[in-house]
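Two complexes are shown next, each including chain A; its partner changes from chain B in the first to chain C in the second.
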Partner chain A sequence: MVKIFGYELKRLLTSGLFIAMLVVNAVFAWYVLTTDIIEGVAYTAPFSVWSCCGYFGKTLPLSMITVLLLQAGYYGKQQKRVDILIGASPLTYAQSLLIRTAVLGVCFLIICLIESILGVVFCAAFFGYYGFGAFILPTLLEIIPCFVFTIAVGHLVGRFHQGLIYVLLPIIFISSFGAAGAFDFFGGTFFSAYPMTLPLNPDGEPDFVINSLWLTARLIYLAAGTAILIVNSALSPKVKRA
Partner chain B sequence: MRFFSLYRVELRRLLLTKQIWLIAALCLCTPLLGYTVYSPVVWETTSGLYIGNPVLAGTAAGAILWAIIAIVEGSRQRRSGTDVLAEASAPPTAHSAAKTTALMTISAAVTLLCALLYLPFTAAKLEYLFDAGFYFMNFLVFMLPTWWISILFADGLYRITRRAELSALLYAALVYISFSRFAERNYFMQWLNPVIGSYSDGFPDIWYLRLGLYTRLVWLCIAAGLWAFSLICARKYQKGLIGSFVCGLKKVYLPVCAAALAVTGAVLWNVQPFIGNGSDEYDLENENKFMDENMTSEAITTANHYLKLDPVFGTLSGKSEYQLNKVKEGENILRLNAGYKIKSMTYGGETINFRTVKEDINGQYDTYFELPYKHGQKLIIEYGGYLTAARCYMPMVSTSIGSNYIRMTGTDCMPKLANYFVMKTDLEVTLPDGLTPFLGSEHKPLTDFTDNGDGTRTYRTALDVDYITDFVAGNYVTDEFSSDDYDFRFIYGDIYRSAVDKYDVRQTICSVFDYCTEHYGKPLYIDGDAFLLFQMNSMTGGGYAVSGMSTWLEDVISPNTLSDSNRGANATEIFIHEMIHQWWGGVGMWCDEDGLWSAEGLTVYSTYRIVKEKYGELYANQYYVEDWKREVAEQDRNFYNRHPEYLEKLPEHYSEQLSALNQSVNKYKRMPLMLLKAEELLGGEEQMDAVLKQMFADYNESVDGQYPVTYKEFLDYCGLTEEDLKLG
Partner chain C sequence: MKIDINNITMIYPSGKKALRDITTKLESPGFVGILGPNGAGKTTLMKLLIAGLVPTKGEIILDEKPLLSQETRLKSQLGYLPQSFGLYDELTVWQFLDYMAALKGVKSRKAVDEVINRTSLTEQRKNRIRSLSGGQRQRVGIAQALLGDPQLIILDEPTVGLDPEERVKFRNIFSEMAQNKIVLLSTHIVEDVQAVCSRVLVIYGGEILYDGAPSALISEAAGHVGTYVSGADDPIPDGCHVVSKVNVSEGIRCRIVAEALPTVAANVEPTLEDAYLYCIHKEGKK
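Showing the complex of A and B:
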């Protein structure tokens, strides 16, 4: 299983689509940093936790679109022909799904890592700021539920038709303009609006707090995504051996 | 015939490649850069914003994309190792020409698609100002030829070097030259990024299109010359560059074509009539010296000028006759637009020798001549040519001869004699019949005309002036109406007629003038009760006022201005704002702008007061005071305003952006709020009006208001301090 994971990962990481989209993501992330985040999210410092969450809120839609494009490759005609061979292996459908999810997860994390490195370079070069410890937890809370939910829905609809994954792309794009308050899927809009409602500290900025409603929403997305993944693997037909 | 069959094959092949579709798709996206990150048009009118910027962005970015595909396609056969086979099966010259022509054909189709794609959005943004012809002309003049130039350069460079990375590097150097500081004031060097200073919305002028077309023609010749040269360098018989070049010379037509094209480009560049070759700075000293000589002259004369304008080619043909009472001994000087050539000069029927010194002074040449010492004869000067723009004013061009708009100033119309003072000037001017002409800084209309029956009219007038300072002709309409205090003559572009009706502009003018006169006093330049309001083409870049008239720029009523929420809550209120500039800033009281204290702030405050009187306190508070408070609070919350030390760490571009934003908030929001506070501290609106009225009156009385009013002076009038007006 580890071996197949390695092969799958290598195949995806060396694909032209991933490399091209990685470059596009990096360019877009730098554009967001230097045109939007540089002003500071909700008038806070560009290196505040609010700005960090706002930054990922704006870059996540493109990251998720990239992951969905990669995921669509698993449900293409060519892949279906390969699936017959995979079906001949001792790998179960659930294991195969897990491997694919893990491979896509690594791709997603690489994109996020590149974006994080750009963010670090941005904060260090422009503002001489290096205290990134406080950014980790809110960032993980923001990106992981997004990934799990999207990938789960992607697998679910991909089972029926590859084209349905492409239908998800404009939905992702539209939801990036999110107006769902704490349930804002990517958080871009939420992190621009929520700090404006908080009291200011003596420095004139709101202190960072994890809003309980937002936290609940993240957990719901995570739980829903996990549930869809489990149901999807459980409902799958058993792989018939030749 | 071989060429056409190869062309069909290449075109079909290219259309079947994925790269060409990708490049085409990216090219269709490039104008979007003009809405966001790339805005080369200097004076941003609505046409500049929604036609100029996107077209120029698409031109530059698209050209680079086409260069990439040209290099990729050029190197394709070599990369696949099929170049030897291809050369054996098809004549290389015809094959290269077919491939390049196919690429240029596809780029032409993409240009058309691009124009069609952005047409609905542009038409919606420009509303009644949209001119489809002008819109498509921009794509055809700027985008298409530049893409072709780029393809020819890239393809030519690859064929010479036969290395993709080297040709890309050389192409990048060409791109750099076009954007470099070296080309910043040398507009003909800008092969990739043609210049547009300003586009008029209501009087669409084709000056920049003419320049763009000419520069594209120059660069097409140069690029085609390089491309033809590259055909000579095409590798043959496994030889290197030099060996192949020597073989290539045997086809005599290739070096002849290359040389002819390059020489044509160079000659066209050299003889260009559009921009003078003078200094980048206005030469005030020389201008004053010439005026002084003119003032000291004693010879008195009368003059007849006959002008014929050709709006298609932008040329003037003129004849000036001077009845000289007395001849000045020695050398005489006349000054004329540098684009005009004196064809002949006679005095009393006798041909006079003259010498034009090709030293450009503010877009003009001086001509020296000596007259026989015979008094009372007639001096006749015939001249003509293309109206040249002075380099010192570039990239803004305020003078032009076009079919929709004509503006000429001073020596653009007629020669200016240094040594003769003209007592009476008779003018006869022939121009297209759709244009209404106005003369002088007062914009007096010419009404006496003869219809020539060939689509032109000849206007005649007699003036008691030495010289015509300003000649404007456009598709104007004149409205006459009265308010309680004034009779207005409102002259504006015919295209704005629907906007004038829709936004009830006449009523707005009346109410603003009556309100402001009552509350702040009568402006100095209003002579008597009749007042002329003249709409100027935005290409002039600024307005002015003289006794009895004031100009206002067409931007005031453009859809873009009327949707700027900084100036008012709706289009009518924004127009009120612009009209109040007759009192504060512009042609009214000059303010010493210090980043906070500004004419804009006073104007926004006065707009609020008029709106309050018109619609009530609740409305004015909701759309003005609450908006000011919110924006000021946001400005105070801004991280960089709280920590200005971080501004220094930012790249200059970002700090400038923030500074511009702060200036805007200071002018449009903070200062009106401070004025409102001053009003409260003074005891109410009446007291505030008394202060502003006094300040305005004193300004008008003080040497015609030559000194700007400072913030400190305003505080002194109020009896307040800076501390008093600080917002808490």
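Showing the complex of A and C:
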């Protein structure tokens, strides 16, 4: 499994699509940092946890679009021709799905890591700020449910038709302008509006608190995504029903 | 290894009946050739044997247990070369075969080197697959099917795209492998079956028309194959099917198969190709 994962990962990481989209994501992230986050989210400092979550809320839609584009490759004609050989090996459909999800997960984490490095460079260079420890948990809570849910839906629709994954792209784009509620999928709108409702601390900023409703929403997205992945892996491959 | 195919019927969702009540047995060692025209059901039978399809009716038994209940066991002993397949163009030949070896649970790097040597890909081992010719890609396909010393080898048109010398070479490799395994070879090249197979299945319209030794099929066609010389515009006698036409100084020499040969035709010794066509046309008449 490890060797198969290694080869699958190598194929995606060295693909022109991944490299090009990584550059696009990095350029977009820097643009968000220097035009939007530099002013601070909801009147907080640009290096506050609110600003950090707001930053990922703005960059996540493009990151997820990138992951979906990579995922679509698994359901294309070329891959299906290779899948004829893979399907005759002892690797089960569930194992194959797990490997591909893990590969896409690594690609997603690399994109997020590059964006995080840009964020660190931004905070350090512009504001001399280095205390990033408090950012980790909220960031993970923000990005992981997004990834799991999107990838699970992508796998589910992709097995019926590759084109359905492309249909998800505009849906992702529209979702980035989501309502300010706790169920805001990417969090971009939520993190801009929610801090405004909180009392200010002596520094004149709202303290960062993980809103329980927002946390519940993240857990629901995570659980729903996991459930879709499990159900999908349990369904017999399409070819068997031909 | 022993495979029992019991009363298999396969109807696709489109309503196409690909196989009708097929029953046969495959046992190792054995080299079985499958002959049949396009759409006869050969590929469907192969897909059923690799558990790629679930039959509409009937069942396949692998060593006394239903095949579908031991899919992983089957696939760990399977070498499969489909008629049409894809490769990862961005990997080198060695990397792709190493990837396939990992899929099959073959841990030895030697196994990869061995199939590379066996399929004459040594010079191309570090080349990216996208740079290979059609014949070389076909050899990579054959190499992956031979990985891990599988007990059941299913080859669908394996020699397509290979030059005549390579065709003979691979034919002999398959024949060697059949000494202690089941090798199933589907092909349009009757000569390949005649050269190496100990048993032949003729499939037509989803049914098995013949199942037995090639020599017995040839014997069945004895007295039904003939040649005669005709003019360019002469009609083909009723009930005759032309196997081949060759231009000669007197006109066109036609080789025909027929239930009853016309008086103009001289009886000749049948080949497997004649016998196969005779078998198909006899059934077509019915």
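Everything below uses one rule, namely that the second predicted complex is superposed on the first by the 235 of 242 C-alpha atoms of A that agree within 3 Å, B and C clash if a C-alpha of one lies under 4 Å from a C-alpha of the other, contacts with A are read in each partner's own complex, and residues count from 1 in each chain.
Rule of thumb we're sticking to: a contact is a pair of C-beta atoms (placed from the backbone, for glycine too) under 8 Å apart; a residue touches a chain by one contact, two chains touch by 3 or more.
As the structure is a prediction and not an experimental result, all values here were calculated from the model.
Asker: Have a look at chain B and chain C on chain A after the superposition and call it: clash or fit.
Answerer: fit
Asker: After lining up the shared chain so the two structures overlap, which partner does A:79 touch, if you call chain B first and chain C second: first, second, both or neither?
Answerer: It touches chain C, and chain B stays clear.
Asker: Under the stated touch criterion, name the partner, chain B or chain C, that contacts more residues in chain A.
Answerer: More residues of chain A are touched by C.
Asker: Please indicate which partner A:88 is in contact with in the superposed arrangement: first for chain B, second for chain C, both, or neither.
Answerer: Once the two structures are laid over each other on A, A:88 reaches chain C alone.
Asker: Touching A:3, do we find chain B (first), chain C (second), both, or neither?
Answerer: Only chain C is touched by A:3; chain B is not.
Asker: Going by the contact rule set out at the top, does A:216 touch chain B (first), chain C (second), both, or neither?
Answerer: Neither: A:216 stays clear of chain B and chain C.
Asker: I'd like to know which partner A:11 touches here: chain B for first, chain C for second, both or neither.
Answerer: second
Asker: Chain B and chain C, closest CA-CA distance after overlay, in Å?
Answerer: 16
Asker: Spell out the part of chain A that touches chain B in their complex, as residue ranges.
Answerer: These residues of chain A touch chain B: 34, 38-40, 43-46, 126-128, 200, 203-205.
Asker: Would you pull the chain B residues touching chain A in the complex into a rising list?
Answerer: Interface residues on the chain B side: 634, 636-640, 642-643, 646, 649-650, 654, 658.
Asker: For chain A, which residues are in contact with chain C within the complex?
Answerer: Interface residues on chain A, with respect to chain C: 3-4, 7, 11, 14-15, 78-82, 84-92, 239-242.
Asker: Which residues of chain C touch chain A once you look at their complex with the stated criterion?
Answerer: Of all residues in chain C, those touching chain A are 12-13, 50, 52-54, 72, 75-76, 78, 80, 82, 84-88, 90-91, 95, 98-100, 102-105, 141, 144.
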